[in-house]
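Data first, discussion second: the structure below is written as C-alpha cells.
For clarity, chains are labelled A, B, C and D in written order, and residue numbers in each chain start from 1.
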Amino acid sequence: MNISCRVGNLILQSPFVLASGIAGNEYSLLLRALRSGASAVVTKTIFKDERNGYLPPIYYESPNYSINAVGLPGKGVYRFLEHIRRAKTLGKPVIVSVGGTSIEEYSSVAAAVAKSGADGVEINLSCPHVEGTGTEFGSDPELVRRVVEEVKSAVGDKPVFAKLTPNTHSIEELGLAAVEAGADGLTAVNTLRGMVFDPVLEEPVLSNVYGGVSGRALHPVAVYCVYALRKALPHTPIFGVGGVYEVSDALDFFLAGADAVQVGTSISQRGYGVFEELKKDLVDYLERKGYASFEEFVRKKRRWF
Amino acid sequence: MNISCRVGNLILQSPFVLASGIAGNEYSLLLRALRSGASAVVTKTIFKDERNGYLPPIYYESPNYSINAVGLPGKGVYRFLEHIRRAKTLGKPVIVSVGGTSIEEYSSVAAAVAKSGADGVEINLSCPHVEGTGTEFGSDPELVRRVVEEVKSAVGDKPVFAKLTPNTHSIEELGLAAVEAGADGLTAVNTLRGMVFDPVLEEPVLSNVYGGVSGRALHPVAVYCVYALRKALPHTPIFGVGGVYEVSDALDFFLAGADAVQVGTSISQRGYGVFEELKKDLVDYLERKGYASFEEFVRKKRRWF
Amino acid sequence: MWYHHYRVSSNTQLTSNIHRVVLESTDTPISKAKAGEFVMLYIPAVGELPLSVFKQKEEELHFVIEDYGGPSSRAVNLHKGEMVGVRGPYGRGFTLKQNTNYLLLAGGSGAPPLLKFVEEAQSTPGVSVTYLLGARSASELFLLDEARSMGARVMVSTDDGSMGYKGLITQLAEKLLSEATYDALYACGPEQMLLAAMGLAKRFGVYFEGSFVRDVRCAVGVCGLCVMEGTGRLLCVDGPVFSLHELEAAQHGG
Amino acid sequence: MWYHHYRVSSNTQLTSNIHRVVLESTDTPISKAKAGEFVMLYIPAVGELPLSVFKQKEEELHFVIEDYGGPSSRAVNLHKGEMVGVRGPYGRGFTLKQNTNYLLLAGGSGAPPLLKFVEEAQSTPGVSVTYLLGARSASELFLLDEARSMGARVMVSTDDGSMGYKGLITQLAEKLLSEATYDALYACGPEQMLLAAMGLAKRFGVYFEGSFVRDVRCAVGVCGLCVMEGTGRLLCVDGPVFSLHELEAAQHGG
C-alpha cells in the first residue's frame, strides 16, 4: 500500500510528521524521530539568540488535554545550523520552525536556516504563551502578511509554511493573508491558550500561569480549522496538527482537507513508536476500505467541499 | 457552611447555575433544574421569531469533549414570555439569554423579556455555528459595544451579562468593550468552533458540518478566559462556563476569578443530580480546607492577581 | 464510542410504507435494550432518527420503520450492505411484572416496542398478553404471526373492516376491557390514539403506560426539544414510555 | 492524576546543605519506583524539581536533597505540614541481577538512588555490594549507618582526609578495582565523577551504569531539554540511568 503523499513540493513517505517543539531541539532527536518512522520533522522554533524558556512546571497532562508553557528555549540560530545539516543525513525533509520578536528576526533566522539546508521553513505565528512573538504576530492578518512576505523573500524557493493559531475568530482570514503574501502552505494549528490549577494546592500549575492546550482537547478545534482553511483555499498544501493519537484522528484531518498531519503531544504517552503504529494502522484502514493508495482515498473522500 | 454568593446584584444560594441551551426551552424544565439544586437558570437563547434549528445529528459526545450544532431552535419571544413568568415561581433568579440577527432584534427581545420579569439578561454574543448571530456580533469589539449599549438601554436596571466567545485572540478586548458599553457582568465562555467526523462512515457527523465544542476539552480554555478577564476587570461579575463536571472544575473557575459557574454539558452524563452533588462536594471541600464560607475562600485565594 | 457501526443485512417490505430493516454489527454492538427503549439511527449524509428496538440478538438489530416522508423515507430504503451508525439504547422502556394480564395496543409503526414486549413477556411467569394491532385496512397489518408465535393472543382492527374488528383500535380495546379484566394497558402509536387509550385506562381503572413521540434530536437530555410539555420530563431520558401518573403531571403542569 | 499530593512529615538536616525530607501521601500515593527512577516534586508558587526516590513505603516518600541555590533551596527548607505535589515515577533505574558483585560510587547528593539500590539488593540472592560515598570532608558524609544496616560494605573518601580514604571517590574506586574483582560499577554524582567512573569501568572491563543529570522540565519526553547530547536519548524517559554502551553512543553521535 502506497501511503506517500505530497505537501506542496515536499514528497513524504507517509503523511505523519513530527510537530514543532516535540523534542526537536537537537539533531540526534530529529534523527530518532525520522528513524522511528516520521516522514519529515519540524524542528523546535528557532530564534536568533539563546533563550532560556520558563522554569518548571512547564507541562501538565490530564486525560483530556495537555498544556504547556515551555517558553521557547533554544541555543539561538547559529548554534542550530549544524543540527540542521546533521538531521538531513537520512534524506528526509527537515523543516525548520522559525520565530522572531520582530519581522527582521523572523526573516534573518529563516534566511540562515534556508542557507544551511532546511528543506522548508515553518513560521511560528502562533505560540500563545510568550510575549512579543507567536500570536502577537499571528493574530493580525496584516502582520501575518508582512512576516510571510519578508520570510518568503529571505528563503528563495524553499517552501514556507505559516503555522496558524486557533485563537482567532477567523482562521480563514489569517490563512488567506499568509497565502496572498506568498506562503506555500499552512500548518493548522498551534495550541489554544489555556490554564490549569491544582485543585488541592489551589495554585496555577504552570510557572507562566497560562499556556497552550494541545492533545485530545485541541483535536476537534484543529479539525475545524483545517476544514475552514480547505474551504477557503482549495489548493493550498495544509498540515493538520492537534491531538493525533490514533489513525482515526489523522483520518479526521485528511477528511477535513489536510494533506498530511503533524504529531505532537501523543508522543508523551505513546512514545516514538506512534509513527510506525500510525503508518501500519493507516495501511490497514485503506486496505480494509478497499482504497488503492492514500492518494486515492484523499481524492475520493472530499465530498463536502 | 454558607455557599451563597453574589454575582453583581444577583444573590445566589450556591455558585452553580444552569447554562444557556441546556434543556432551557420550557418553564417546566427550568423549574426542574431549579428544584434539582441550580441556584439560578439561564434560558435557551430566545429570538424574536420562531426558529427550527438544525436537523439531527446535532450533538456528538466523545470522552474528551462534546460538540453541538443545535441551531438555536425556539418558539420566538412572545410565546416564551409566559415561560419566564412561570419559571420565576420558585423565587430563584431566571436569566434570559437573548439572541438576534440585528442589534434591533437583540434589544427588542431583551426589552420584552425584561418586562416579563426576567431577573437578568444574558446576551448571546457567541454562538459559533449559526450565521448572522452570535460570534458574528461577538468577535468584533465595536459590535459588542453597540449591542450591549442598546440592550442595556432597553432593559433598564435589570442586570445584563455579555456572553463571550473563546474564538478570539483577545477575550479581554471583548470583555472591556462590553463593560464599557454598560454590561453589568460577563459570562465566559460559549463553545469553541469545532468539527467531528465519523471515521468509519467517513462523514462529518453534524448536519451543520461544524459546531461548538463544550465539556472537558473546553475547560482549560474557559478557565484561561476567566483569568484573563479577571486580570483586566478586577471588579466585574463573571460567570465561568465550560466543562464543569466535578467540584474541582468549579474550583478552577473560582481560583481563576469567576464569581459563580454555569453548568452545561455535564448534565448529559451526570443528570440533574449534578447540582446537588456539586453543592455537597463544595461544602465538603471548604470544610476540609478550613474555610468558613465560600465567600471567605474566594476572598483569600486570589493571590495571583 | 458514540456510534456503533452496523451493516444493513436485509430490508423486507411489510406493507406499502412499512419495512423491516435488519442490521448486523461491524464493530461492537450496542448493549441490550429493553422493550420501549430506542436508539438513534444515523444514515450518513441523510440524518439521524429515533427508532424503537424491535428485535435484538448478539450482533443483530431489527427495526420496523414507517415512511413518513423525511429521513424515514431514506431509512425504509436502506439497502443490503449500506453502513450506518447506531447510538443508544436510550430512555426507559415498558415495565414488565410477573403475574400480570397485559392488553397491548399498537397503532401502525407503534408495533415494534410492543412486539419486543411480547417477546420479553414470553419468559416471565404468570404473564398473559393480548396484543391488538390497528390499521386502516388489512393490507397495512404486519407481523401478526410473529406476535402469535411468541404466545400472545392477537387481535386486529381495521378502519374499513377488511380484517378483524371494524373500527378504531381503541374501540376494540374498550370492548375487551368491558368484557374481561386486564391489569395493565400499554400503548404505542399516534398521539391521539395514546390519549384515547389513556382515557380508557382511567375509566377502567387499569394501570397505563404509553410510548410517545416528540422531537428527539440529541437523545441525551441537553437540547430540551423532546420535553413533555409542562412536566419537566424529557422524552429521551425519562421516556419514551410514561405512566398515566407521569402524564397527568403533564396536564397539571409545573 | 498528574500530581499526587503529599504532606511533609519531617525534614532532617544531614549535613550543612543536605536534608532528608519525608512526605506522606494525602490521596493516592505514586506507584513503586525502582532504584534510579525519579519523580518531579512540585512546590506551589516555587517550582518543580527532579528528585531520585530514596526510600518508599506504602504512603511515604523519602528524599535526600542538596541545596543548590535554586528551587532546591526551598525544597531543603520544606517544613512539616506543607503540601506538595509529586508526579512520577519516571525513567529507567539501575539494573539489578542475581549473583553479582557491585561497586557503587555515590558523590554527595548522588547517594539516594544508590542507597535505594542497596536496599533492593539486600533481598536478591548472591549479590554483594560495596558502597562508596565521597565528599569534601567528614562533616559532609551522611546515611552511612543506613547503608551498613542494609548489608553493604561501606567505605568513604574525603578530599581532606578527615575520614576514610583521602582523595577522590574515583581514586578509591580505582584502588578497589585493582585489588579485587567486581562485576559492575554503578555511579551517581557530578558529571565529572561519572565520566571518570566510566573511564575506570572501561579500563577494568567492568559493566557500568551511571545516573546522570540534565535540564529536566517536562519529564515526559516532549520538551527535549534533557537530551543526552548526540545520542537521541532523553534523560527523562530513557535515563536517568545509562549504561556504558548507551553513553558511548553519545560520544559517537548520530
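Here is the rule we go by: a contact is a pair of C-beta atoms (placed from the backbone, for glycine too) under 8 Å apart; a residue touches a chain by one contact, two chains touch by 3 or more.
This one's a predicted model, so the numbers in the text were calculated from it and none came from an experiment.
For the pair subunit A and subunit D, there is no chain touching both partners. Averaging C-alpha coordinates per chain and comparing to subunit C, the farthest chain turns out to be D. Look at where the CA atoms of subunit A average out and do the same for subunit B: the two points lie 33 Å apart. Centroids of subunit A and subunit C (each the mean of its C-alpha atoms) stand 51 Å apart. In this assembly, the C-alpha centroid of subunit B lies 37 Å from the C-alpha centroid of subunit C.
Looking at subunit C, residues 45 sit in touch with two or more other chains. Residue positions of subunit A with contacts to 2 or more other chains are 202. Because contacts link the chains only in sequence, without closing, their graph is best described as a line.
Chain pairs that touch one another, listed by label: A-B, A-D, B-C. Looking at the complex, you find that subunit B touches subunit A at residues 63-65, 67, 135, 139, 165-170, 192-197, 199, 202, 204, 209-210, 213, 216-221, 223-224, 227-228, 248, 251-252, 255-256, 301, 304.
For subunit B in complex with subunit C, the residues that touch the partner chain are 21-29, 31-32, 35, 44, 53, 55-62, 68, 70, 73, 86, 89, 198, 200-203, 205, 207, 264-265, 267-268, 271. Per the touch definition, subunit D reaches subunit A in the complex via residues 2-3, 5, 26-27, 40, 42, 44-45, 47-49, 71, 83-85, 216-225, 227, 229-234, 237, 253-254.
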